[in-house]
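Structure provided below as structure tokens; questions to follow.
Lettered A, B, C and D in written order, each chain numbered from 1.
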Amino acid sequence: MAPTRDVAIVSFAQSDHRRAASDTNEVEMIQPVIHGALDKIGAKIADIGFTCSGSSDYLAGQAFSFVMTLDAVGAFPPIMESHVEMDGAWALYEAWLKIQAGHADTALVYGYSKASPGDLPRVLSRQLDPYYYGPLWPDSVALAGLQARAMLDAGLITEAEMAGIAHRSREAARGNPHAQIKGSAPIDQLLAEDYLSDPLRVHDVPPITDGGAAIVLAAGDRAREWVDRPAWIRGIDHRIDSHNLGARDLTAAPSAKLAGEKAGIGAGAVDVAELHAPFTHQEKILTTALGLGGSTVINPSGGPLAANPVMGAGLIRLGEVANRIMDGEANRGVAHATSGHLLQQNLVAVLEGDA
Amino acid sequence: MADEKSGGTPLLEASLVIEYPFNRTTGPVIGAFLTGLREQRVLGIRGVDGRVVCPPTEYDPQTGDPLTELVEVGSEGTVTSWSWVSNPRDGQPLDHPHALALIKLDGADTAMLHVVDGEVATGDRVRIRWADEREGLITDIAAFERIA
Amino acid sequence: MSGANRVAVVGVGQTKYAAVRGDVSLAGLLREAAYRALADAHLTMDDIDAIIVGKAPDFFEGVMMPEGYLAEALGAVGKPLFRVHTAGSVGGSTAIVAASHIESGVHERVLTIGWEMQSCSEAMWALSFPLPFQQQLVAGAGGYFAPYIREYMRRSDAPDDIGILVALKDRLNALKNPYAHLHEPDITYDSVKESFMLWEPIRYSETCPSSDGAIALVLAGEQAAEASAASTGVAPAWIHGTSMRSEPAMASGRDQVSPQASRDCAADVYQQAGITNPRQQVDVVEMYVPFSWYEPMWLESLGFAEVNAGWKMTESGATQRTGDLPVNCSGGVLSTNPIGASGMIRFGEAAMQVRNQAGDHQIDGARVAVGHAYGGAAQFFAMWVVGSAKP
Amino acid sequence: MPPADTDTDRTVSEMPDGLWSMPQPTVPAPIADVAEPIQRIRVPASMHYRYTPGTAPTRFLLGLAEKKILGERDPVNGDVYVPPRGMSPVVGLPTTEQVELSDHGSLAAFCVVHIGFGVNAPPTPFVSALVLLDGAATSVYGTLLEIPIEEVRIGMRVEAVWVDDAELTTSFENIRYWRPLDEPDVPAATLQGHM
């Protein structure tokens, strides 16, 4: 047995990412994005077979926060709908399963968060083992620093390479109208800055972002009716690694490698890859794990270093690759999403245009 | 309250504190480890491959199989990785700048996450500084400090 | 049949449910359910392709997206681990998402777990801590649902004591379910009636408890299910249909007494399962009834009774273990309520009935069973139909 | 007497044999013998958020501070939502037109509360009410006072009782409670779909 249906991304919309969308609540923030994705292909909610979203109560500071956000969809009469407490990329995975299972031919997926109300690096410490890690309140930046240190100590990266990744990403973001950080100081200037959390400098760390994204999926002919060149999902898989930071090789992401293999990255050349590497050194871990290099363009959108709306940033990677396939700029691309600290959980999708 | 302007509408905002004194049942493995900390002793547990996992988990960090053989490990160890916390946040063990670190205690094969008071480098030897009042929490270890 | 490939439940594992499970850690609670489900299926963690978990708000245990912390505990290292959250319906939704992993042809055997460890905090806080500028909920949780129950009583002219009959039935059923949280052998009609009135018409004994607990199911594709059944000698519970429906909490035209999403969800799942007369064709129902009066309300909404006549079924004894449509033989949510698990317990108990595995609360000859869950402001619905026959 | 009450078999079933339980670990001697081993810990967590209600709720709250109840209109169906959340949940489109509503309405649904929560709860028992304001499509929550509980009925007319003008803030708590109006009841059927 194997999934048999051709399923494609046919529309993608994202917010103009901001440090703090204080003037809107989550519903008001995500509504234009959801309807932007529908409007782009002239779709109505009645055309959608299944809807799935990804968000987090801890970021919202409110239990059941996703319940309110359903108001942005237009779910009356009732719809077939689900929600994951994960990045929207996993909501897309659930929607892809539903279509493969024959329960729907089309799906609307969205993921979003407002990180601005809380102290994000501290909020994210609540994701940790509640007995041994949580009571120490380790913030997400210092945790990422442990991984960067392990890479530096092992000679797998240099601080200059890390600055180079930051520079390349944020310069690329100049071409991304939705990016939060566009442009970068020169590399030598970056390296002259003080550490934020040694060995990480400010440029190694993603911005804190309010924002979200939405994607429409469709199967077979339905996809072709909506767009000339659908971005077909040729493979998609996700895996998780151990949470035990002291028992794990922090310099590698075996779950990303495995997900990449299962998604079939190696079956052909990769024109473009959008990697959900919030910290600079994590891009190196991922390109190694996924076997990317050479002619592959990495994070032409600027990636999460240019805008990192938690719960949406992974879904955005799928959308950015799909857009480049839909507009003919690329023919085969890889999209990656991560969840948890230090690249613990990873999703990889391979997208292709019609030959 | 109405401190910003957006499209002519003043924005309301208010502070929201979400707090709770969570109760956590420990089960026998975590319970034994925390009991040990209260008594100034550190326990690990033997994994399926014979390696000693510290802090101990009820299950193997790779296979998930149940683990049962608790063993005592040392209170000194080696730093395997670290990062510098320049601006400590609420709840962190130290209120002045310090290192977040992974420390492999002598006799253990995996590293524990905790903090080191003072500057540190990978490979440095450190020892536990016990909290004066211990109640069976990971914070019964006040911090680690370098062995000169 | 529901999806492209057949799926069956081949293993069910439950923890003992209690107000405080003081003997296990959070991970240990889930592992108790998981290992029992695997043992029931004659499988090990190595045989599992993917793990799908669900629970209600993360604030309950104070762990954000806890699936990351639980990866090793669930044997998920190197595997897909997926987390669902659809409010109170989540246990049901999670089982359905787990089924999708096999229906789609992606996996062959998956483990799905629903849980809540409510003793970490308290329900009133975790579900609804006050937000600035918003009205304080002076009426409490039941105060939200009680007006709609009263409206149901008004529309249907139901006698005042139908809720008492439901509570008494479910608590007596729980005596036959050793896993149930509440075991009250001395309960009587009068003791329920005399229990403290909380939100008139809801009395204390007509409300669900707050529980710690987890349930795990092993789902398998057709070949794997038959292989497992050959080994265990217990028939698989074949999934004949799955459905989920949602509607907004506050919409003009919405009927909170019998939400359209509820009726649509039932119609969809019956259509997949080839059920045209639910009262005749369904042998046993596990229905999400956190307040007693929701039994007659859902009986109508799910098509087992005519509009405004659900209470007559309850009153006649039709929903008792000895009746023609036993409802909540396990004791239901009224006897056990770890919120994130409650929906999956309904789905799992339905599977146990058609596998002839329900012990002292087994209904003889049960062949077709319905599992049902709902959540939010009675706006999220999940259902499945399972049967002993292959669809 | 209901049939369930005649059920005389009150024995509690026993757990099945052979169920998996976590194996007990072996604990080294110095710890194994310690009195009062740790079994449950208390771990406080406190998180600070800066809460912003959003554009439409802000408009509504600012209106309340002026003793105005401002609903917002569904741009397609014309239904007026109060309190507004900025969206018509039926069509998923923003509401933009504000509509001032009177503080008179009809009791759409209620229950009698015998256990109150929070410092603002009135003495029990009290009536927790859903009030459909005249011209609105959805009901608001409140407490109904100044009437014997047994006389409360669906469809009865009610009005808001506000705090003193000097105490008005950007809060729904500006409406202290609701009380009966001396007007004929509306038919209950007209309230269905709007509670």
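We adopt the following convention: contacts are C-beta pairs under 8 Å (C-beta built on N, C-alpha and C of every residue); 3 or more make two chains touch, one makes a residue touch a chain.
A quick note: this is a predicted structure, and the numbers were derived from the prediction, not measured.
Across the two candidate interfaces, B-D and C-D, the one carrying more C-beta contacts is C-D. Taking each chain's centre as the mean of its C-alpha atoms, the one that lies farthest from the centre of chain C is B.
Note: centroid distance chain B to chain D, computed from Cα atoms, is 40 Å.
For the pair chain C and chain D, the distance between mean C-alpha positions equals 24 Å. Between the Cα centres of chain B and chain C there is a gap of 37 Å. Chain contacts: chain B has residues 6-7, 9, 11-16, 18, 20, 22-30, 34, 57-58, 61-62, 66, 90-91, 137 touching two or more partner chains. Each of residues 22, 39-41, 43, 45, 47-53, 55, 57, 61, 85, 89-90, 170 in chain D touches at least two other chains. Multi-chain contact residues of chain C (touching two or more other chains) are listed as 22-26, 28, 31, 59, 61-62, 72, 76-77, 126, 129, 131-133, 248-251, 253-254.
Against chain A, in their complex, chain D makes its touches with residues 41, 43, 45, 47-57, 85-94. By the touch rule above, chain C contacts chain D in their complex via residues 13, 16, 22-24, 28, 31-32, 35-36, 39, 62, 124, 130-140, 143, 146-151, 154, 161, 165, 168-169, 172, 175-179, 183, 185-186, 188-189, 196-202, 248-256, 315, 317, 320, 322, 359-361. Residues of chain B touching chain A in their complex: 4, 6-7, 9, 11, 13, 16, 18, 22, 24, 26, 30, 34, 53-55, 57, 61-62, 80-86, 89-93, 100-102, 104, 110-115, 122, 137-139. On the chain A side of its complex with chain C, the touching residues are 1-4, 51, 56-58, 62-64, 66-68, 70-71, 75-86, 90, 93-94, 96-98, 100-103, 123-124, 126-131, 134, 237-244, 254-255, 258, 339-341, 344-345.
The part of chain C that touches chain B in the complex is made up of residues 20-28, 31, 45, 59, 61-62, 72-77, 117, 119-121, 125-126, 129, 131-133.
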